[in-house]
Every structure is written in structure tokens, then in C-alpha cells.
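The structure is given below, and queries will be raised subsequently.
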Amino acid sequence: MNIIFFVFAFLSSYTFHAVSCATDFCVADLSLPKNPSGHYPCKAETKVTVNDFVFSGLVEGKPEAPFNVGLTAATVTNLPGLNGLDIAAARVDIGVNGTVPMHSHPDASELLIIFEGEIIVGFITPTKAYVKTVKPGDVIVIPKGLLHFVINSGAGKAVTFGALSSSSPGVHVHDLLLFGNDLSTSIVAQTTLLDEAQIKKLKAKFGGKA
Amino acid sequence: MNIIFFVFAFLSSYTFHAVSCATDFCVADLSLPKNPSGHYPCKAETKVTVNDFVFSGLVEGKPEAPFNVGLTAATVTNLPGLNGLDIAAARVDIGVNGTVPMHSHPDASELLIIFEGEIIVGFITPTKAYVKTVKPGDVIVIPKGLLHFVINSGAGKAVTFGALSSSSPGVHVHDLLLFGNDLSTSIVAQTTLLDEAQIKKLKAKFGGKA
Amino acid sequence: MNIIFFVFAFLSSYTFHAVSCATDFCVADLSLPKNPSGHYPCKAETKVTVNDFVFSGLVEGKPEAPFNVGLTAATVTNLPGLNGLDIAAARVDIGVNGTVPMHSHPDASELLIIFEGEIIVGFITPTKAYVKTVKPGDVIVIPKGLLHFVINSGAGKAVTFGALSSSSPGVHVHDLLLFGNDLSTSIVAQTTLLDEAQIKKLKAKFGGKA
Amino acid sequence: MNIIFFVFAFLSSYTFHAVSCATDFCVADLSLPKNPSGHYPCKAETKVTVNDFVFSGLVEGKPEAPFNVGLTAATVTNLPGLNGLDIAAARVDIGVNGTVPMHSHPDASELLIIFEGEIIVGFITPTKAYVKTVKPGDVIVIPKGLLHFVINSGAGKAVTFGALSSSSPGVHVHDLLLFGNDLSTSIVAQTTLLDEAQIKKLKAKFGGKA
Amino acid sequence: MNIIFFVFAFLSSYTFHAVSCATDFCVADLSLPKNPSGHYPCKAETKVTVNDFVFSGLVEGKPEAPFNVGLTAATVTNLPGLNGLDIAAARVDIGVNGTVPMHSHPDASELLIIFEGEIIVGFITPTKAYVKTVKPGDVIVIPKGLLHFVINSGAGKAVTFGALSSSSPGVHVHDLLLFGNDLSTSIVAQTTLLDEAQIKKLKAKFGGKA
Amino acid sequence: MNIIFFVFAFLSSYTFHAVSCATDFCVADLSLPKNPSGHYPCKAETKVTVNDFVFSGLVEGKPEAPFNVGLTAATVTNLPGLNGLDIAAARVDIGVNGTVPMHSHPDASELLIIFEGEIIVGFITPTKAYVKTVKPGDVIVIPKGLLHFVINSGAGKAVTFGALSSSSPGVHVHDLLLFGNDLSTSIVAQTTLLDEAQIKKLKAKFGGKA
């Protein structure tokens, strides 16, 4: 029938590309390695279903010691439809007196939506620390690459949702970088001027080699 | 004191640039025009305060006819610290039988966090419609540029938070594009094959010139 | 000979990279899947010939019902040398009273060169429709992502050449998105406020599921 | 009326940004300087008309000595709507035995649509020259940054349309770079091994200082 | 004369843009604010001289306490021709037992060319520390955003040249971020688990508020 | 232990991505083809060692006829850790009266650090040649894509280090492009107006087909 013929004629000329995954979307084929831009190759569109765009586990995370914080996240590894879209989400549940420790996302800005409780959020630049107490209805942004933290300053638990500007945001936790690996105590001491006793104490806590 | 001297010596060599707003962040000076990349020039860092990174109005929006949907958003115009960071947030409250009408964001992908109620979310590609019923704990992503919609399919109201991959996301609402402007009925008819009566009926609803 | 030795010495240091396909060009290996950026992997340079940069079919396309328009295009699939270069071309032949239906290119701007006849070209933003009657010698640009159309307003056929800012431009035709797929009539009605009868009428025309 | 109210409510939340020029387009304000990305600041949308997107002079250019070629072009300076869209167009008319001299576009790929006559098109990489005789119906792409040329190899005049992947494509003409400026004959000789007599002869032709 | 006429005709068509600063280069006008991408607006080309592309101070820097390191750098502020070119250079002179303290460049990768002496260079990822002793003739790269350090491990002074992939690289020095600002001791303690005594000791050293 | 558990819990949520090579770095797997952006796929992080980030051959290069220049370079092929980081380095040793011939890097800006001797550095735009005599302590930048050269103007040898803004910078040497390939003498003559005798003389020198 003419219309149908038209549709295919139209599609088969330059529309065709519109229907290949890379133009409208590129669902991650997690079985293949990432490319230099940090994205995964595209899964064949014929194998793509709406479920590739949905993640059902952004639920409360059980707070863990030592920071009494729970975290669940929707990133490209559990939500492959995010691939190449430069966005991801996390839910952070912070127990009473809990803390999201000092960390940074080298490749992502973060937008925090406060949902329950009261928290202190701060980020640091070489000249100044920006710190604010926020509550439900507030939104706060942490610019890409800056060291930041969250402290539960309320009487009860706190719940926040974070949106990140990367589909596989990295996180560099201060304590894991300095005290969670095999960097020698003497090197950490010489390059940070922290006392060796302090370094050893935290290496013990975070599993770093003495 | 030597240390302090060191600090300034260090800062005054190449660290200096690290402390200029454009390196760590670029808070929008909303009094100036956007540039071609869609961002605003940077406000002088001396005038930047932590409040430039916070918006306190991401609260329930009053549902409006005809779609029975309420919307509040945190974008660069009310959260200037978002400038240049390619992220924004919105809260959508959908009344019973309410709908977020068919629309697209030409320059942003959207990640929807379902918070309350049950909704049907769908987006369309030239070959297929991707539709899913989602509920609290679910997250669904709508790839950049695709036409999409949300329908409240639950018994009560629905609440979702959306993260968008642009600090000033555009929104092209199907009905406003076709029926809310001065495009003549005959042109809409000839280019969409919609009946003129249908077009006039919706132009009346959406304020378009007949 | 010294010179030749020099040439190879020079090439074999850092010039070498200049001669790998990815630096000077990256002809598409169409047998492999696209990557997230929408481009194809590079064909080995030894297999590249000048014909990879030439397409010989940008000729008159036979106008088809229902819009009485013919289209031929040079995109990466028939001109693999375009890969990664963000440019493509199309020739559009529009019969008397013919129309290029309402559509958009989510990932490409379009520059239309009018070659024969007289046409009305228009594109739509949320606030305004931009419409112009153009003729041979005129060039008109349609910004990336905007819904647009072309109407043959002349006495005879019209011929235009379009340049697009993508090597595999997608095209989202309004009628195919709303009436050419399996999106249910009730969902289209609820999210666009179009009448169900109208939707069914066009679904019949464009092959959508009722 | 409710609908209208809805429309404005919707627009005034995050739709608002969709209607600012930088989101849907950014027409060049040519009275202001370019920014580092090579684009102009945006003209206020209220001052934008459809004519900002149209150029009416892409007509035959009078062939000039010494290469017997005529050129007209639509770039951001005469078609301000191109600003930020990374596309431009040119029409090249080549007289009998005419030539588009050896040149490159450091920041743009070029797609040549052959319209009339027969031409030889070639581009050069460090390892190989790619040369092809093309005619009407053919399209040939010259990858970004490569030195290239066109020779009219037909019996009559030749007409081609070029699309470029920049809204203000630069052009570096070999003879103008080496012989059209104040670079001394001895420096050109030492760095190219061309004979001084040859250099002086061409400096005289292209207006370079001896 | 024809040639000259040709030259101007050619230049005045689309070559013209090639000669505007933004196409071939964009020398920083340091009197204007940076834009969101971190670059400065372009100085008018008529005011540009070759000296805008030259910096004459990349000489030995006097080592300072407490780290016994001297630094000079060529960045956009003293070499305005770097603007928009994503490259900069630094010379680092490290005294005996000297150290470049733990720091990161959120927006630049660094390539270190070792010129004199012997140094230990290291960078840290969340899973592993990469550490290497290098000497003249060696080059080592530190990927963008990673925490890194340099220690003079030789008998005499060490000299290195660093190239950075930004024209205004930021530098985040660990000690300045944690101990050189007004972030309270209790917040640093709670978010890093460092002992308050240790924090106060270093705040005293680096000028932070207690 | 809780801490360790915490570490893994934290890592196993969204930190996990931080430790995949593509987020912190992407060491080139040189056995695979480059992608369209000119980078190599990532080597598995488990196979990455610190030596992937070090190159030990940036030493004096033996000057070769005809230009009496020696070159060694650290690019992605001998320093795979550079992959995706847009930076590379070269050492250039220029004998007495030696020259780095007229060439360009289509995809990289170059920052030259003068280390020994005295040199004349120049680059050319369509309107002007920028030429400067520089010496140790000076740094000069050559903007991306511009034709440039270096001449040893001192009494002794000259040594410079160059940083380039690409991990696999291409180099287009004027003489190799025009006289080192199979482009016919008549085409070179017609498109550059060089005399055929001159062209043949240089083709003989640079190995081009007559």
C-alpha cells in the first residue's frame, strides 16, 4: 500500500540511521569493554527492551559502619539504557550521626535532592569551603571534581537522592585513596605531612598496607 | 611564616587559575545573555556564596488543568550554581488520572525517580514505542531528544523527581508546537494530515491562531 | 638515500600516527556495530580507496504518495568516508503540491539549498513558528532538533539539496512517531488530546496498531 | 482560561529555558566579538526573525584570474542563524581549465555536490593522494584539515555546491600562506627547499613581500 | 592587479572568517572574565603580536619551605596565546629531599619530562597506587583528576618540565583543601576520621581556621 | 571487619565504576584498531602497570639530512597510558644551520620549550606570519592546525621539548604532501602555480612519482 511503501521508502533512505541504536540511544552491551570515553558498545537494537531503561532497586540502603551510611545507585551497570547519556542516580540513607565521608567524583557534578531529615553538605575549593545545612524541598549542587561530604545533622535518619552527570560516575573517597591501598606510610607522610602514627591508625581502619 | 609564604607562592604560580571561578565552577551571572553553548557568563567568584548552589523550592507543584499536573524545577535560572554543569532537577506531581503530555527535551536526557503512586512512562523512536508501568523504587531513563509522556495509572496522586542532563533543559510540548502558535491550520493539516477540524479544536484549547 | 631515510625517520617518530586512519580520516567499517557516539569503527587504511569518499547516487528521487516527495541521501551507509565527520547530504524532489511532512532531526541541523521551483520552509519553537517562502539562490537553515516542514508552493516541481550536520542524521517524522507504531490509541489521545477517531484514521494511513 | 494558564504555568517553570535563544538556536550578534569556540554571542530572541535563517545570495560567482574560479558562500557573517550550528555552504563556479587552488580548511570537513560539468577532486595525506574525476549526481567528501584541490576537467564550465562542517570555515590557500605574506624568501627557501627564484616569482604573483 | 584582486575576492568570500582570531587562534583578552568553558574572550586580531604567543620566564624557581620545591609556569595568564588551546607548561625544581605535595588537577592530565636528578612519581586510583622512580630521558603521564606527588629521591636537586592539558590548570593541594581554609576541625574529623589533634597541627601549618 | 566490609560495600555500589579503566584512565590496547576519535580501546585494568605510563626514550635524536634535525617523541604508541588524555611530548635536536621543515599538526597545538641554543620559530595564518627568535627559558605556542617551522639561528646545536595537545599528533610536512607522493607534477603545477621543473626537482628529493 502506498503509505506503507512511503514509510519504508522514507525510512530506507536516510531515516534508516535514525533507527539504529547509536542515533536514538545506545544501550550498553556490558559484556564488552568500555571505550576511552567511558561508555560501552551498543547492544543490538533488536535485543533492546524497555527493561533496559528501568532499574527497580533504588530503595533504602542499609547503613554500614564506620560512617553509618547506606547507598544504592542506578548507573550503567544496572541500568544499561543510561549508556552514553551522562546521567545517573543514587539514593543515600544516612543514619543518626551518620556521614558520607569526604570524597570527589572526578568526572561528574552531583545534584542532591534532600528528601527526609536535615543534613550539612559541603564542598571545598582551594580558597574556600562552601557549607550549608539543607532540608526537604532543598536542592544543592556540588560542582564536578570538588571534594565534598554530607553530615546528618538532624535528630533522625536522613534520605537524599543524588543525580550525577555521568552514567558511570567514579568516586574517590579520601580515606580509601590515602589509607586503603599499598602506598607506603612514609610516602603518605612526606607528601601530606600527616604524622606516621595517624597514617598507620587509618591504614589499619581502611585496609591499607602498613 | 614559611608555610603561609609557600601557600601563596604555590597559589601564585599556577595554582592561581585553580581558584578562578571558571576552573572549579562558573556560577551564572543571569544579568548577561547566554552564550552559544547555552550557558551564562561567570559571576565574579568574590560575589559567589554557598546559596548560589542551593534552591529551596523543589516542593509540591499545584496540579493544573488540562493535564492535572504540577511541576517545580531547579534549573540555572533559580539555581545559578548549575551553570555549565549539565544537570538540573524537577519535581512532578500528577493528580488522579493526570498526565504529563507528549513532549521532548531536544538537549537533555531525563532520569525519572518514582517516589509515590504508580505511573505509565513511555518514549517513542521511529520504529517502536517503549512503555512501562513503574512504581516507587523504580528509576527510568528517557534518552535525549525522544518524544515521551507520563500517565498516572494509580488510584492516588503520583510524585516523581526528574534529573535532566542540561542546566537549562528545553521542553517541546507536542500540543504547544502544533496548536499553540501562529502556524496556519492549513499548513499543519498539509504537513501532518490531521483534519482541519481537529486542528482548530486544539488551537482553541492551546491558544494558537486559527 | 638520505632524503628517503629522513622521510622514514621522520615518519617513524611521531609522524607515524599522522598516517593512521583515525588521525586524517576514519572510513567506516560498516560490518561492525556503531559506537555510542554514533560512528563506526575505522576500516584499515590499507583497504581505503578514493571511492570510499564518493557516492554517485545523489540523483532525482521518485516522488511517492502520500506526500509526493522523493528523497535520495548520501550518509555514512552509502558514503563511508563521512564517518566521524559530522556532515551528510540529501536531495529532495517535491512534486506539484507535494510536501516534506513535519519532522525533526534530533541530532543534526539542516542547511537547505533551493535549486528549482518555489517552496515554503518552516520550523517551530515553543514560542513561535518561523516560516519563509524561498526560491533558487536562497539558502535556509533549520536549527538542530526543531520540528520543520517543506511545502511546494510553486507551479512546478521543486528541487532542494540539504546538508546535515551529522554523518548519520536521524529523522523523526511526526506521523510515524504518533501513528506508525504500536502506541495505543488511548495513550496517544490522553497525552496529546487528539480525538480517538482522528488517531485511528491516521494509524490506518501510517500502519500503526489500533 | 485554564488551558492558557496551564501553558504559561508550564512554560514558566522549566519550559521557560526552552524558549531562550541559546536552547533552540543562537542567532549571531555580529556586532560582538567571537568567543574562543569561534561562535558569536546570541542576538536577543525578540530581535530574531526568520530572515536571520535565510541567505539569498548563493548564486553564480564571477570566475576570477588567476585560477578562473568564482565563489559565493553562506557562512555565519551573511547567514547569522548558522551561529553555533557547525554547518555552512558555498557555491563554486569553475571556468574552462579553471582550478580551485590547493588549500585546506583547518576546522571543517567539506562535502562537494557536483552539479554541472566534470571535475577532478583530490586531497592529500602524508602517505597518499586521493584523486577522483566526478560528475553531476556524485558527491565527494574531503576530511577535515586535509590539503585539497579541484580542477575543471570538462569541456565547459563546472558548478559545485560545498557543504562545510563549520559555520565560519577557515581556508588556508597554499600560495597565500607561502607567497602572500611577509615571510622572507630565505625562510621559505630554508624550510621548504623551494628555490629562491621560484619563491620570488610567486611572491610577485600573490603579493608577498620579497 | 588580477592576482591581488583574486586574493581579496577569495578572502572576502569565505576566507574572511579564516582570518578572524577565533578560527586560527583566540589570544586571551585577560581584562574580560572567563567564560563557562574556562577560556577568555578573544583579543582583537589587530592587537595580537607574536609576543602574545611567547613567555620568557620558564626558568628555575626558588625552592620554598615546607616542601623545598620551586615552580614556574606558563599558563594563559602569562602566555595569552594559550587561550582555548588546552595546553600549558610548568618547570619544577625540587631541592634535596624536596617534595611536590599530594595534589590533583581536576581538569588536566600532566606529562612530566624528567630533566635532571632522580625522582619518585606516584598517582593514586581507588584500587591502586602507581609509583615509579624516573630519571632524565624518562617521561611519565598522570591521568586527569588523579591525586599525585613527586619526591626527590636523588642525591642532588631535581628538575622536571610538566606539560598540562589545560591552558589554566587548576591544582588542588591535599593539605590546602583540608587544612588551609575555614572548614571546622570537627567536620574534617568526622568526614575523614583524622584525629582532631592532627587536624589542628596541620591547620596551624597551612593557615586554616581552627 | 566492618570497615573492610564498608569499603567493599561502598565500592560495590557506584564506586565500582571508578575503578574501571575508562573512568580513571584508559591505557591503550595497541593490538586493537583506533576508534573514530583517534583513541585505542582500553587494555584490561588488571594488565595495567605503572610502566604503561612511562616512556624512557625521550633522549637526543640523531640529526638527519636534509634538514639536520633529530626527533624523538612520546606518543600513545610508545607510551600507551597517554591514550585518551590529549597530550604528548617530543624532543627535537637541531644541528647547526638545521631546520624543522614547514609542517602542521592538523589535530594538535604545540608548546615549544627552548632548552639549549637559539632558534627562530614561526607560524603562518592567511593574513600574517608570526616569527620570533627564542632562547632557553622561553616558551612559544603554535596554535592547532597552523603551518609552522623552526630554524636553528644559533652558533651551536639547539634542543627543544615540545608538548602537543593530542596523544597521537599527526604531522603534515609541506614537502612530503606536495612532493613525496604520487600526485602528478601537472596537478601540483596547476593547483599551486609552482613551475614543473621545481616540482620535479623536489619530487626527486622527496621520493614522489614524477
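Letters A, B, C, D, E and F name the chains as they come in the text, with residue numbers starting at 1 for each one.
What we mean here is this: a contact is a pair of C-beta atoms (placed from the backbone, for glycine too) under 8 Å apart; a residue touches a chain by one contact, two chains touch by 3 or more.
Quantities reported herein were computed from a predicted structural model and do not represent experimental measurements.
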Graph separation of subunit A and subunit D (steps between touching chains): 2
Fitting subunit C to subunit E on CA atoms, where both chains share a sequence, rotation angle to nearest 5 degrees: 180
Averaged-CA centre spacing for the pair subunit F and subunit C, given as whole angstrom: 35
Whole-Å gap separating subunit D and subunit F, where each centre is the average of the chain's CA atoms: 27
Distance between chain centroids, defined by C-alpha means - subunit A, subunit B (Å): 20
Subunit A residues counted as touching two or more neighbouring chains: 15, 18-19, 24, 35, 37, 39, 66, 88, 106-107, 126-127, 131, 144-146, 170-173, 176, 180, 205
Chain pairs that touch, as defined at the top of this document: A-B, A-C, A-E, A-F, B-C, B-D, B-E, C-D, C-F, D-E, D-F, E-F
Touching residues on subunit F, where the partner in the complex is subunit E: 11, 15, 18-19, 24-25, 45, 49-51, 53-59, 74, 79, 81-82, 85-89, 109-111, 113, 123, 125-127, 130-132, 134, 137-146, 161, 163-165
Sites on subunit C touched by subunit B in the complex: 66, 99-102, 106-107, 120, 122, 124, 126-129, 131, 144-147, 149, 151, 170-178, 180-183, 187-188, 190-195, 198, 201-202, 205
Subunit E to subunit D touching residues, read off their complex: 2-7, 9-11, 13-24, 26, 35, 37, 39-42, 44, 83-84
Touch list for subunit E against partner subunit B, complex: 33-39, 61, 64-67, 71-73, 75-77, 88, 90, 106-107, 168-173, 176, 180, 205-207
